[in-house]
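The two complexes that follow have subunit A in common; it is paired with subunit B in the first and with subunit C in the second.
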Partner chain A sequence: MIENSFNRRAFLKVLGWGGATVALSGCGNTSVEDGKEFVTSYVQTADYIIPSIGTYFNSTCAQCDAGCGIMGRVREGRVLKLEGNPKSSINNGKMCGLGQAGVQAHYNPDRIREPLLRNGDKGEAITWEKALGLINEKVGGVGAENIAFLTGGVSGHVKVLLKNYLDALGSGHHYVYEAVAPSIMRAANKRAYGVEMPRLRLDKAKVILSFGADFLGSWISPVHFSQQYARFRKADNGERGVLVQVESKMTLTGANADRWLAIRPGTEGILALGLINALAAAGLSVPGDVAAVVKEYTTDRVSKDTGVSVEHIGKLAALLKGRSPSLIIAGSAAEGYAHGSQNAAAIALLNQVLGNVGKTVEGSFSMPFPQMTPSAGSRQALQVLNDNMLQDKVKVLFSYGANPVFTAPASMKLKESLKKVPFKVAFAHYMDETAVEADLVLPLNSALEDWGTVMPEYIAEGAQLNIRQPLMEKLHPGTLGMGDMLLALLKQRRPDEYKGYEDFYSYLRNAMVSNKGALGGANADDDTFWEAALSHGMVKLAGSPVNISSHISANGLVVPAPFVEDSAYPLHLIPAVSASLRDGRNANEPWLQESPDPLTTIVWDSWVEMHPKTAAKLGIVEGDIVEVASKSGSIKAQVYVFTGIHPDVISVPLGYGHEAMGRYAKGVGVNAFKILDPVFDKETGELAMHETRVKVSKAGQRVIIVKDEGPAGGNQMGRKIAVRMSSDKVNLSKEV
Partner chain B sequence: MSITNLLENWSDFRQQHPSDDRPHREYKWAMSIDLDACTGCNACSVACYAENNLPVVGKEKFAHGHSHHWIRIERYWDNDGREFADQGAQFLPMLCQHCESAPCETVCPVGATNHTADGLNSQVYNRCVGSRYCNANCPYKARYFNWYDYPTTDNVWPEPMEQQLNPDVTVRGKGVMEKCTFCVQRLTVAKSNARSEGRSVLDGEVLTACQQVCPTGAISFGNLVDPLAKVGKQWMTQQVELNKDKQAKNAAEEAAKVRGYRILEELRTYPSVMYLEQLRESAI
Partner chain C sequence: MYCFLRLSVLLVGLIFSASSYAANAVQPLTTADDLGPKVEQPIEFPHDRHAGDAAKGGMQINCMYCHTYARRSIVAGIPPLQKCIGCHQSIESVRETPRIKKLFEYWEAKKAVPWKKVHDLPDFVRFNHERHIQRFVFAQNKPVQEACGYCHGDVKTMTVARRQKPLSMGWCVSCHQKDHPVDATSTKTTHGPNDCWQCHK
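Presenting the complex of A and B:
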């Protein structure tokens, strides 16, 4: 039943919207599922289809959660390239490399093409009818409290259907898990500003002081922030903003800073309080209770604790005092400790004292349709699920948009816990580490062949609901969209409510059209509204502004003393979130593997970043294979020596080291998630990603690192290739 | 075009860098890249892979220097012996500089690389015999040789990945040299559209793939002949002149108020890409 009702009909619906017959049916992708070949004649085509000329369709990027608008170039029925949608206020026509690699997720040769049921060690292809029937049987056979749904961040209509399905089952167990989510930041922002995701105005700031926030690379909404950064660096009046980055391991953003300050890991909060003290001493008005808290943080003491020189603390305080407004950002590097929330609170306090709140930190919007707003993922969610699995409380587990077997630290023993769950269903694109453990694997449509709506968590300009629509016909007839699957599952439980919807497309269109008044289409007829929404790739929403709280309080703020040396594990491990690989879900896209890491220029492998001093102490040179051992496990990787890291720290990028997933990801590098120690932020309970201590020993091998930089490393050998000058020597307002 | 014809009319095929008696007529494509805006994010490079059918060669071939990134981010450190790279990195997008007096052109034994009337350094794939002389002579290392037949190499474009290939751009076979074309396929369409409307290509009408994607708008591209083009205005404000090998900036190093420069200008290659120096604040 399912087989026949979804594929062809969904396709015809797409055609219905704009007569895009030719745009969507291309050679090679005809409907072979029912044994027929449809040949579309180019003699009679829609007006706007000219063979060999690309047509653009708007949709929404699915490579990360920023929700950038994309414009797919479609030619002869195939999507060729993703470009930015100029109308999206998030990315304004721009894209990052990760986003562009979305076509490689779509055309990936390792995608799962049909539902697979476990038979011993193998997956056996079964029909959709059987797969969905099996789910019906399994969820019917257990108590509602024993059903759990694990997902990554979800929003829009898929989130609505998911909630309805869980309601229909009577189970409220929805675990939203994101391996590198900014959950400590959300909590800290909520407390300091009253909003979890205030809007940051980099473009209005004259000075940005970032404590480890990689806003140009991998943090929250990098393409949006990059555009603001361009205006910050070169304002219309020619003023140039100053960026200071404080972190223990250089990020892409740190590499673009006017001053990059290497700080002892975990002492970010101390520096923030020290800066408040220095600012107060320089005459900035600071409330009494704050002054009382910071008065012990003298510059000398702060310098000793943090490793940042007295000179730089002084200059930084003078810069912040002299150039207002500024913007202080706390990133994952400051928040990844057991006292991460305290660090974040101290950094927020610095922002408040400087009077930036309301100027460069702005309120957000509350969204209409709260049922569609993004569910904020955390690492703690997985911890809770794991505990429940261990106590045999989970009998049926669904997993969608997350790969916990890959991203969970080894100490969690997630694989063993999963073995206690009798029936596991994975909605997946690839046979990734989690899908391999599942009993039933349901193949998903790619984001370029699926319907959906997306509400980004970070709201750039105004509230908007992004539309995701197919850019071409499905590559593989045996895949389904998440919305279609949820709808089919809901039909099993609540047939009367959902039988009117043939597929997710009809559900979505109906849901959108029946709310068109609130979606900016009050005066349009249904078809006009819907076609406009699809054509724009989004609808603007009337969000009501949420004001930001500017109440300054140091109440309860305590920042612990710097860490104590651990002689057995003398180094700190920073698991780095790279702009390309993030948590590893896109590791099977070869453009990303071959895109050199911006700082080390390494491709196709993991590496261990190490300061030359540390390397010299350990007798290590570039290319040495070392064993990095924590209390929770060990990994082996090649060493890259460079000066963008604190000597007490080593760093290994995340996202590598897949044991499954596909030909481009499997066996490339090592998985740094595995050796993270189970240390948690005291206030939010989140896994503290930067708390792992390690020891490094040579493993006896040496390799030549595969990287893009030449034998001279980053040295120009006296040639003037990349040239740098002091900003006071030039007048940017005179430039074009 | 026979080789005899080529040799007899050499000056017609090989455009010298412009001089007063041989100026560019309708178009002279040029670029400027602001290194203070460039963050080194690599989006331009991925865009180029998508637009120009660049093969992903894999770890082993990358190690052998066989990578095909027509635009790549070079990353330099300027530590001066300090303990940390405390002024960050210097990122530089390196691509074919489309030199007006290109060292690669003079050494090609078969005239496979030559200069177009629009000022592009063009590579004719089906004339290239793979001598790689051009590669050896390029001071910017901007040329990439097809050591393998990538379309038939495992895991370069495995089915159905080949469906992503841009039909507007040739998929190159083994033994052929290739490099940045300034997205000539886009330029051709824009010129053709403009010609059919009896006008020249307007500024902003055509974007290169790298320029289009750049999140900070660091790359400008356009027609230097067009007085309205942003790129031309940039060259003018920066006092960088296409047909000179010493710019105003070099003359008065101390008093320099401009940050435009061309790479390895002393080699008299007359590049069509101008870079704007990265800036660093001295107050911190």
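Presenting the complex of A and C:
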């Protein structure tokens, strides 16, 4: 019998020898490439370029709009890794995971490599000459009022060229669209403080009360706020700041808070007014008209409306009264309602009453060169464009830096509106949902191979113009920078004015050098100034301070009563903005897909976050596939049961569910933008992102959720590794 | 039965090994006399003319004049084209020879010369030129050509360089086991590092 004479041991022994022979000859030295591989050699190099040793060049991150300074490590002509630029006052040498993934945007295999012209369902590669000629022909064939330019947030010299191009065409239709933008906050701040983006001094505050502002994760300028937060937690005088986060769905910032309070969605303004009332009762001096407005917000009523217990409201008021200065922040979670502006106004009023204005809420700096300041994007811009397209007012549409087909709610029917536009041009990195709809797709350089300037919207100190410069040669010869394309288009319209500039680089250098006086280089010669700007990756500007108004008024402030229950759609949907995927523009970078969500540890998929009580009521367990249906549509995703959410709320992260874009983004998860109801903020007209009501039903299947979370969080096998305690057992007064 | 089975498994292994060897190695990596493969370069660079002895018509140029990165980096590197041109633009006598004409063609087109690697190690080996040059040339005052020659052979007698030594692990270790003086004046000796991670990291 075989079993007896040729046993397992003998078999393995012989197999081992055989395998070893194969290994020795087959793969032994095959990585040696004598005479096959090329040596890196240069035509000309600087002395500091040494093979195998990295050289660092400064530039500006393009992964989100915060505008952090970056340094790219470049070796043998290739950028390998990004670090933060220590000279940048925004990030001071630090960097986030989203920024780190910037190299994957650059080396991405799905980048478009040549201009594509629609031919039926397919894109046909054409030359740049033909592409630009075609644009010239199309814009020449229609009236100026029928040309529209849709962009994401733009600033710096590209913005200048864009404006000049639109002027040259005679069209003023520039729509600045940002899917996840703090536009309600800008308006509310403007009204309360007189500036759109006051500087927040987290580091000076002793208490921070944040109404759903995820300033450590995805809000405005997270890397900057994280550093201020560190100083807030470990102040020079040794006094540890206390963070209280009030929100309906726990964010990364909420997870870091000393006290996380789940609030009924939309009642943030009521709590703010209730706190003013409680503070007034505790002896804080409150102006008469404010006191009159808030006096009906008794603690009992506020507790009933918001779901925050009387005890916690009392503790919060005592904390705010006892520790000054404090800082109250209104985030997108408080502002995403039809009464979002009122919520923001009520929260700003709390800041004013506490006397924080001028202490932890400071004025900003006005930027010199207003033509380069960032254009504030809004969701309303897309709404207006959509209406114009429906009325056949748009004949030629340019799209740059925005992916509206992906981010617009289904109720807008944007895809159908786009069909009414005869000629659509998309400037794109990937064949994303908008580029797929376009007639002409123009491939952009990646941010690591492009020239440009960026003026960040939120700057901690002074004003600053960031430089974006190539860290390496272009990967694909067929791509062009946005500046280069605009310059080429301008040459068609205003040849006399622009023919002197060979490319965008020469335009940029000339524009910077001829204004060097205002850019802090008055005493330097042209080359020295320019080299210094490139070497630092930025130019510090002398902005003039804009004072903040401290006028307290409750005039016209009405915060509506909490929602009435909707029995058909009993749950509120919170579309969560995650730290890595944001609005989904970076979804094709696999590092971001595979880095676990900080709270749920889920990777490579969407999920529906649900409170255990709600899940129990619906008979749902983790991994159940559910259908989330709103009045505007439905999506299916796996359920993750999580205590960090209000029982009336479910949450689905944004940025997933691409139908195009590339191999890493396409088909991963579901798109929560699509089912948002068309409800708008009453004052600004912005889409109220948190207003969507949904119902949840089991779809039948159950899956195992792919996540990093192991038994340490749940089952610790009797070992008390991480001791868990429910939040109402924590004694805040003892903690502080 | 047992023997047949054992034999058959071994045979399959051998056939595999033979066929994969044949498929992968067109040219043997190391010949009997330890020479590497002949590498065809875009320009047949005459090392003998540049570095050879004056008596034999060489210019006796220091290896590190061109391979300037060897003392600063883990790789010796190839000089940038500007270095070749830097001298050759003022050497009229050879300006019209085919190789130099080709060199200037690359220069005028601003294209790097696509030199091929002659000495390559597997990716799991990390050899550091800088350490060896600092040790032998700068600490022990060994002549440069001797120090480079430990691994690269007598390059000054070659035109296009060809690998002279096996560059195998056993060959590296055979030298690392020897005692070398610590520096030029000391009588103290030590051998090269023999930790695995010195090279395999």
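Quick note on the criterion: the second predicted complex is superposed on the first by the 665 of 736 C-alpha atoms of A that agree within 3 Å, B and C clash if a C-alpha of one lies under 4 Å from a C-alpha of the other, contacts with A are read in each partner's own complex, and residues count from 1 in each chain.
Note that a residue touches a chain if its C-beta (ideal position, glycine included) is under 8 Å from a C-beta of that chain, and two chains touch if they have at least 3 such contacts.
What you see is a predicted model, and the numbers here were worked out from it, not measured in a lab.
When both complexes are overlaid on chain A, the residue A:G644 reaches subunit B alone and has no touch with subunit C.
Judged by the touch definition given at the top, the superposed model places A:S285 against neither subunit B nor subunit C. Note on subunit A: of its two partners subunit C and subunit B, the one contacting more of its residues is B.
In the superposition on chain A, A:P51 makes contact with subunit C only, not with subunit B. By the document's definition of touching, neither partner reaches A:N523: not subunit B, not subunit C.
For the contact definition in use here, the residues of subunit A common to its subunit B contact set and its subunit C contact set are 52.
The touching residues of subunit A, counted against subunit B in their complex, run 28, 52, 75-76, 78-84, 91, 93-97, 100-101, 103-104, 107-109, 216-217, 222-223, 226-227, 229-230, 233-234, 240, 242, 244-245, 250, 252-262, 312, 315-316, 318-319, 475, 579-580, 590-596, 598-599, 601, 603-605, 613, 642-644, 663-664, 668, 704, 706, 708-709, 713-716, 719-731, 734-736. Within the complex, the subunit B residues that touch subunit A are 34-37, 39-43, 45-47, 49-51, 56-59, 62-63, 67, 69, 72-79, 82-92, 155, 158-161, 163-168, 209, 212-218, 230, 233-234, 237-238, 256-259, 261, 263-264, 275-284.
The residues of subunit A lying in touch with subunit C in their complex are 2, 5-6, 10-11, 14-15, 17-19, 21-22, 24-26, 29-45, 50-53. Subunit C meets subunit A in the complex at residues 1-2, 5-6, 9-10, 12-14, 16-18, 20-21, 24, 27, 29, 36-40, 69, 72-75, 77-82, 106-107, 110-124, 163.
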